[in-house]
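Take a look at the structures listed below.
Each of the next two complexes has chain A plus one other chain: chain B in the first, chain C in the second.
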Partner chain A sequence: MTVLLIKNFLRSKSSLTGLLVLLVAGLISLNIGKYFLEKNKEIIEKTAEYQQKSIARNVAFHPKEIGLLLYYVRFGLVNEMPNLAGLSIGQRDINPSLQSVTIRNLEEQKYATDLMNPLYQMLGNMDFSFVLIYFFPLIIIAFCFNLISEEKEEGTWSLVLSQSVNPLKMLRLKVLVRYASVLVVLLLLLLVAKFYLVIPFDATFLAFILTSILYVSFWFSLAWLVASFQKNSSQNALILLFSWVLLTIVVPAGINAFTVTLYPVPEAFSTVLESRDGYHNKWDEPKEPTVAKFHQHYPQFSQYKHPEGKDYSWLWYYAMQQMGDDEAAADAQAFKEKLQKRNRFNSIAGLFFPTVHTQLSLNALSLSDMDNYLHFLEKLEDFHEQKRLYFYPKIFTEADVSGEDWAAFGLDYFKDKADVDWLRILFPVLIISGLCVVWAKVNFRKNFMVG
Partner chain B sequence: MNSFVYSWQTFFMRITILKLLSRQVWSSKMSNPGTLWLIGIVNILVVFALISGFRNLNQRQKTEEHYSQEVRERWESRPDKHPHRMAHYGYVAFRQRFPLSFFDFGMDSYLGNAVFLEAHRQNTVNFSEASLSNGLLRFGEISAGMILQLLLPLLIFFWGFDLVAREREHGTLRIVLTQGVSWQELLLGKSLGLFYLALSVFVPSAVLGLTLLFFSEYITENPHLYLLYLLLIISYLVYFFVLAVLAVYVSARAKSSKSALIQLIGVWLFFTLMLPKLSQVAGQNIFPTPSKIEFDTTVEQELIKQGDSHNPNDPHFKALKDSLLAAYKVDSTHKLPFNYAGYVMREGEKLSTETYKKHEAQLVETYQKQQNVVRLTAFFNPYVAIKNLSMALSGTDYAAYNDFQHQAEDFRYQLAQTMNELQIKYISNKVKSSADKNAVISKKNWADLPDFQPQFLAVREVCQNEILSGISLVLWVLGLVFLVKYSVKNLKAF
Partner chain C sequence: MLQAKNLSKTYGEQTALNNLTLTIHEGEIFALLGQNGAGKTTTINCFLGFIAPTSGEVRINGISVGENALETKKHLAYIPETVMLYANLTGIENLAFFSSLAGFNYGKEQLSGFLSKAGLQTSAHAQRVGGYSKGMRQKVGIAIAIAKKAKALLLDEPTSGLDPKASNEFSEILRELAKKGTAVLMATHDIFRAKDVAHRIGIMKEGNLVSVIDAKDISANELEQLYLQTV
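And now, the complex of A and B:
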C-alpha cells in the first residue's frame, strides 16, 4: 500500500508542481543570500583598502601633530558575518556590519547608518528563512487540506473504510509520504546551501537544520490536526489559510506593534543631545574642571596637565571629547537596556508562535539578530576605548608621528558566537507540534470509534 | 427614434440585471455566518490598526516636538562665543511625521529620525524604527494600509473564486445565460457584488480614518489633507474594483472552482510576496549603489582635488588669498577689513556642499532608478501600484523622506554660512584663537537664526511622483474591461 500511495502522490501533477515551486524559490533565495554575502565581503575589502590609503594620506598631511592627526584617522571594526547569514539575513541589511570610528567621542559616531535604499529594507530580502517561513507552509497546506475530504468527495472513502484494515494507518501513510517529500526538498536545499554558500557543518548549522525541520513538522502536525476534525475540503483550506495569515502576518505584526507601544525609545534622541552638549559646551567653560573630570576618569593619565595660561592643548581637547561620551553614558545605557527589553519581550512572546520563534531562532543562529548587533556595539565601545588608551599617552606627550607604524592599522574583526541553547530553540515548537498531534489523535479515536 | 428607445431600454435593463446579480452575490455570501465573522474580524483589525497608528503618530509627534524645542532652547541659550564654535555646536533635526501617516506606515519605520547638523560635514539620519527593532518588523506592520493592500485582497479572492465556477459546476450558469443575461453582464454584475463585499471592510475603515483626520491637530492649518485623503480613498476603490473583476474573471476561466482558488491564491502570493522582493533584488543588481564608505571616499577625494582650505599652500585658496590682497591693496590678510578665516571657511563650505550635493544627487538618482524597477512592475502588479500610491499619499514614501533630507541639508548649510558671515563681519583678523576675548560675539545673534521648520511636500508634487502608479491602476481597469468585453467568446457555460 505504501508504494501505491507514494506513486499516487508523485504521479499527481499538482504535487510535483508544489515541490518544484519550493525547490525553485529555495534556489533563488540561496542565490540572493550568496549575493548578499559577496556584497558584504566586497564592502569590507574596499574599506580595508580605503582605510590604509586614508591613514597614509592623513599622516602625510599632518606629519607633525599626532593629536591633530588622530582627529582625522578612522579605525574600522568589522562585525563578522558567518556564511550562514546568507540563509537568514535578518537585521544585517539594516544595521551596518562595519563601523569606522575616530578616537573622538563615540556617541556621535556609533549609530551612523550605512547608505541604503529604504524601499529595499521595507520590501525585504527573499532569503531562505523567508521561503521556509512563508512558502513551505503554503505548499504543505495545499498538500494536506484534502487528506480525508478528497477521498470523501470523490467517493473513495467508503471504499477505504470497507477494505482497509485500518483507515487511520492509511491516512498516516498519506501524510508521511507528503512529509517525507517536503523534507527531502528542504534537506536538498540545505545541502546545496552548505556547498554553495560554504557553510561549515557545526553545531550552529545543525541547530539551524533542526529548527527548519521542526518548523515544517509543525505545519504538518497542524494540517493533521485540522484533518482530524473531518470537515470538507474548503473548510479545511479556509482554516489552514486563516492560520497561515494569522501566524505569518497578523501575530508577528501585532507583537511588534505591541512592543513599539510598550517600549518607546526616546533615549535615542536624548543620547544625541546629551552627547552633543557634553562635548561642545566645554569649549565655553573653564578648562580646569573638564581636565579634572578627565583625570578622575583616567587616573593613570594624571601626570599629564594642561599647560597653564595656554588657550589650547590636545589634553584639554580630548578631555572635552571624552565628556561627550561620559555625560551621555547614562542615556546611552538606558537606550541599550530599552533595546534589550524589546528583544526579551519579543523572544518570550515568540515562544508561543512557531513562525516568530523560528525566525528569531534562525536569525540568532546566523548572527543576524538584534543581540548580535548589541554585542557588536559593546565590542565597538571596547575597541574604541582600547584605541584611546593606546593613543592618549602618545598625544599628551606629543609623540612623533613617524614613530608609529601606521600601516599596521588594518581593520579589526569581531567574531560573535551563536549561543546554541538546544532546549530553548527546539522545545517550544516541539511542544506545540506535539500538542497538535495528540489532539488529532483524540479526535481520530473519537471519530473512528463512532464511525 | 425606435432604436434610440430600444437602446435606452436595454441600458436600463442592464442596470437592473447588474443590480440583481450583484445583490445575489451579496445576499448569498452574507447568508454564510463565516462571511460575517470574517468581515467582523477584519474590521476589528482595521479599527485597531487605525487607532493604534493614530495614537503612535501623536505620541511620536509629541516626542519630536519636545526634542525639537529642546534643541532650539539649547541653541538660543548658548553663551557669547565665537560663531564658528556655534557652527560646530550645530543643530539636531528630527523628522516630522506626516499627519496622514497613521493610515499607511509605508517605509516610515525604515527611515532615519534624527540627524546632527554641523559645519563641514553631512551626517546620516539615524535611529530608524527598524534599527531599534529585532527581526519581527520584517514580518510587516499592522496598519490600515497593510490590511487593505494585503489581507482584504485575499478575502476578495476567497469570496470570489467560486462565483462563476461553482454555478457552472452546479449547472445553473447555463440557465442564467439562456435567460438573456450576457456574459458581460454576468461578469460585471458578480464583480460589483464582490466589490460591495470589499466595501463592507473598506467603508468603515475609510470613515474612521476620516474621523481621525478630522481630530488631527494639523487639519485646520492643512485642509489639503482632505484632498490627499480623498485621492487615497479613490485609489483604494479602484484597486478593489480591479481585484473583484480579476477574481470573477479567473473564476469564469478556470476549469473548476478548486482550480480557480488555487490560481487566485497563486496570483496573490506572486503579486504581494514574491514579485516585490524579486524586483527589488533585480533593481539592486541592475543599478548598484556605493556603500557609505565608498561614497564618503569619493566625495573626500574630489574635495582634496578642489582644494584644502586648511592647507595654506593650496593653489585654490592661495589664488583666492592673492586676489583678495590685490583687490584691497594690502600685503597681509591681517589687514583685510573683514575676517579672512571666516571668508575662507565660507568658500570651503560652499565648495564642499556643492560637491556633496552633486554626489548625493547621483546617489538619489540611482535609488530612484532602483525604485523605478519596482514601480514599473505595477503594470503587471496592481499591489505595487496601490502600495506606492498609498505610501505617497500618506507621506511615508521615499520622496517625502528625500525632501526632508534636503531641507535638513539646506538648513545645515544656512546655519554654517550664517555663522561664517557673523565671523567675517564681527571677528577681528588679529585674534589668535577662538578662545580670545575679542573672538566672542553676543549670544543675541543665535536667536536670529530661524528655527528648523521642515515643510511637507505639496499635493501637486505628491501626485507627480506617483503618476506612473496612478496610470497603471487606470490601465488595469481598462485592460480588465477590455478582457470582459472581448474575450468572453472563450468562456464556457458548462
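And now, the complex of A and C:
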C-alpha cells in the first residue's frame, strides 16, 4: 500500500513541482548564504590589510606625537561568524561583524557602521531559514490541505471506507509519504549546505538540523489536525493559509510591536546626546575639573597632570573624550539592559509560536542573533578599554612613536559560542506538535465514519 | 447475512426511509427498484455505515453496523453508482491498492485475473485510470468487489455506464458469487436486469418498501406493470 501511495503522490505533477520549488528555493538560499559568508570574509581580509597600511601611513605622518597618532589609528575587532550563519543570517546583515575603533570615546563609535542598501534590510535575505520558515509550510499546506477532502470530493472515499477496517491507517500512511518527501528535500538541502558552506558537523549543526526537522513536523501536525475536522478542501486551505499568515507574519510583527511598547528605549537617543555633550562642552569649560574627573576614574594615572596655564594637553584631550563615555555610561547601561529585556521577552513569547521559536533558535545556533551582538558589544567595550589602558600612559609620557611595534596591531577576534540547550530548543515545538496530533486523534475517534 | 430491522431515516421533516425491515440470506440476490429519491441509496448507505439511521438497526453477518461499523467492513464489498479511482495509478495498481486496504496482497497475475474476470480488456490493465471511460472504471470497481471475497455485496446501480454485453457479463458474475454464498443487495433502475438476475425484488416508494416479489413468480412485463402502478 505504501508503494502505491508513494507512486500516486509522485505521479501527480503538482507534488513534484512543489518538491522541486522547495529544492530550487533552498539551493538559491544556500547560494545567498555562501555569498554572504564570502563577502564577510572578504571584508575582514581587506580590513586586516587596510588596518596595517593605515597604521603604517599614520605612523609615517605623525612620527613625533603619539597622542595625535592615536587620534587617527583604528583597531578592528572581528565578531567571528560561523559558517552556519550562511544558513541563518539573522541580524548579521544589520549588525556589523567587524568594528574598528579608535581609543577616543566609544559610545559614538559603537553605532557608526557601514552603509547598507535599505531595500535589502527591508526585505531581509532569502537565506535558508527564510525558505524553511516561510516556503516549506506553504508547500506542506499544498500537499495536505485536501488529505481527506480530495478523496471525498473525487469520490474515492466511499470505496476506501467500504474496503478498509482501518481507513485511518491509510490516511496516516498518506500523510507520512508527504512528510517523508518533504524531509528528503530538507535533508538533501542540509547535506548540500554541509559541503557547500563547509559547515562542521557538531552539536550545533545537529541542533540546527533537528530544529528544522521539528519545524517541518509541526506544520504536518497542524495540517493533520485540520484534516481531522473533515471540512471540505476550500475550508481546509483557508484555515491553513490563515494559520500561515498568523504564525509567520502577524504574530512575529505583533510580538515585536508589543516588545517595543513594553520596553521603550528613550536611552537610545539620550545616550547619544549625553555622550556628545559629555565631551563637546568640555572645550568651553576649565580644563582642571575634567582632568580631576579623569583621575577619579583612573587613580593609577593621577601622577600625570595637565600643565598649568596651558590651553591644551593630550591628557586633557583624552580625559575629555573619556567624559563622553563616562557621562553616557548610566544611559548606555540602561539601554543595554532594555535590549536584553526585549530579547528575553521575545524568546519567552516565542516558546508558544513555532515560527518565532524556530527563527530565534536557528539564529542563536548560528550566532546571528541579538544575544551574540550584545556579547560582541561587551567584548568591544572590553577591547576598547584594554587599548586605552595600554596607550594612555604612553600618551601621557609622550612616548616615542618609533618605540612601538605598530605592525603587531592586527585584527582581534571575538569567538562567541552557541549555547545548545537541547530542552529549550526542541521541547516547545515538540509539545505543540504533540498537542496537534493528540487533538487530531480525539477528532478522528469522534467522527471518523462520516462518509 | 444482511439484516435491516425497522430502519428509518428522517432529515428534518422529510422521511428518506420509513420502517424498513429486510433480510437477505446467504446466496441470495435482492434487487431494489424505485424512482430517484425512493430510498434505495439511503438503505445501502445505512448498511455501509455512511448514514446513521434515525431509528432501527442494520446488521451484517450478525454484527451491528451502528455499534461496530469498522468491523462490518470485513464482510462487505461495495460498488458505487460511479466508481471513482486514483487517476494517477493504473487499473491494476488501483485494484492492488484497494485490495491492500482490505488486507489482501495479490500477485500481479491474480490481480490481472480479477480485472479480466470483471471484463476489463487486458490492454487497459497497465494504463492509468485517468484515461478510463466510466464503464472501464465500473469494471475495476467490480474487480475490487470480487477480489475482496466478501460475504455481502452492496451495489448501488452498479451497471450504470456499462454496455449491454458488459452488463450481461456482470449478471453472470453476480450469479456465480451468489452460488458461492454471497448475499447481494442491488439498487437498480433496470427492471429487466433485476428480473434476470435477482431472486427477490423489492419496490420502494417514498422511503417505504411497498412490495417484495419472488422473481420466478413474475415475468418482466408484469414486473414493469407492477412497478409503474406502484410508483
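Details
We adopt the following convention: the second predicted complex is superposed on the first by the 448 of 451 C-alpha atoms of A that agree within 3 Å, B and C clash if a C-alpha of one lies under 4 Å from a C-alpha of the other, contacts with A are read in each partner's own complex, and residues count from 1 in each chain.
Just so it is clear, a contact is a pair of C-beta atoms (placed from the backbone, for glycine too) under 8 Å apart; a residue touches a chain by one contact, two chains touch by 3 or more.
The structure displayed is predicted, hence computed values, not measured ones.
In this superposed model built on chain A, chain B and chain C occupy separate space and fit side by side. Residue contacts after overlaying the shared chain place A:352 against neither chain B nor chain C. Residue contacts after overlaying the shared chain place A:360 against chain B, while chain C stays out of touching range. Contact with chain C, but none with chain B, is seen for A:170 once the two complexes are overlaid on the shared chain. By the document's definition of touching, of the two partners only chain C reaches A:155; chain B does not.
Rounded to the nearest 10, the angle made at the CA centre of chain A by the CA centres of chain B and chain C in the overlaid structures is 90 degrees. By the touch criterion defined above, A:4 reaches chain C but does not reach chain B.
Residue contacts after overlaying the shared chain place A:250 against chain B, while chain C stays out of touching range.
Shared-chain residue A:413: touches no atom of chain B or chain C. Comparing chain C and chain B on the residues of chain A they touch gives the larger count to B. Of the two partner chains, chain B is the only one touched by A:284; chain C is not. Closest C-alpha contact of chain B with chain C, superposed model: 15 Å. Annotation: chain A has no residue touching chain B in one complex and chain C in the other. By the touch criterion given at the top, residues 1, 4-5, 7-8, 11-12, 154-156, 158-167, 170, 449-451 of chain A touch chain C in their complex.
Across the complex, chain A meets chain B through its residues 14, 25, 28, 32, 35, 43, 46-47, 50, 54, 57, 61, 90-91, 94-96, 98, 100, 108, 111-115, 117-126, 130, 134, 138, 142, 233-234, 237-238, 241, 245, 248-250, 252-257, 259-261, 264-266, 268-270, 272-273, 276-277, 280-281, 283-284, 311-312, 339, 342-343, 346-347, 350, 355-356, 359-360, 363, 368-371. By the touch rule above, chain C contacts chain A in their complex via residues 45, 48-51, 69-71, 73-74, 76-78, 80, 82-86, 88-89, 93, 96-103, 128, 141, 144, 148, 154. Against chain A, the residues of chain B that register as touching in their complex are 34, 45, 52, 55-56, 59, 63, 67, 70-71, 74, 78-79, 81, 85, 88-90, 92, 94, 106-107, 109-114, 116, 123-142, 146, 150-151, 154, 158, 258, 261-262, 265, 269, 273-274, 276-278, 280-281, 283-285, 289-295, 297, 300, 304, 311, 363, 367, 370-371, 374, 398, 401, 432-436.
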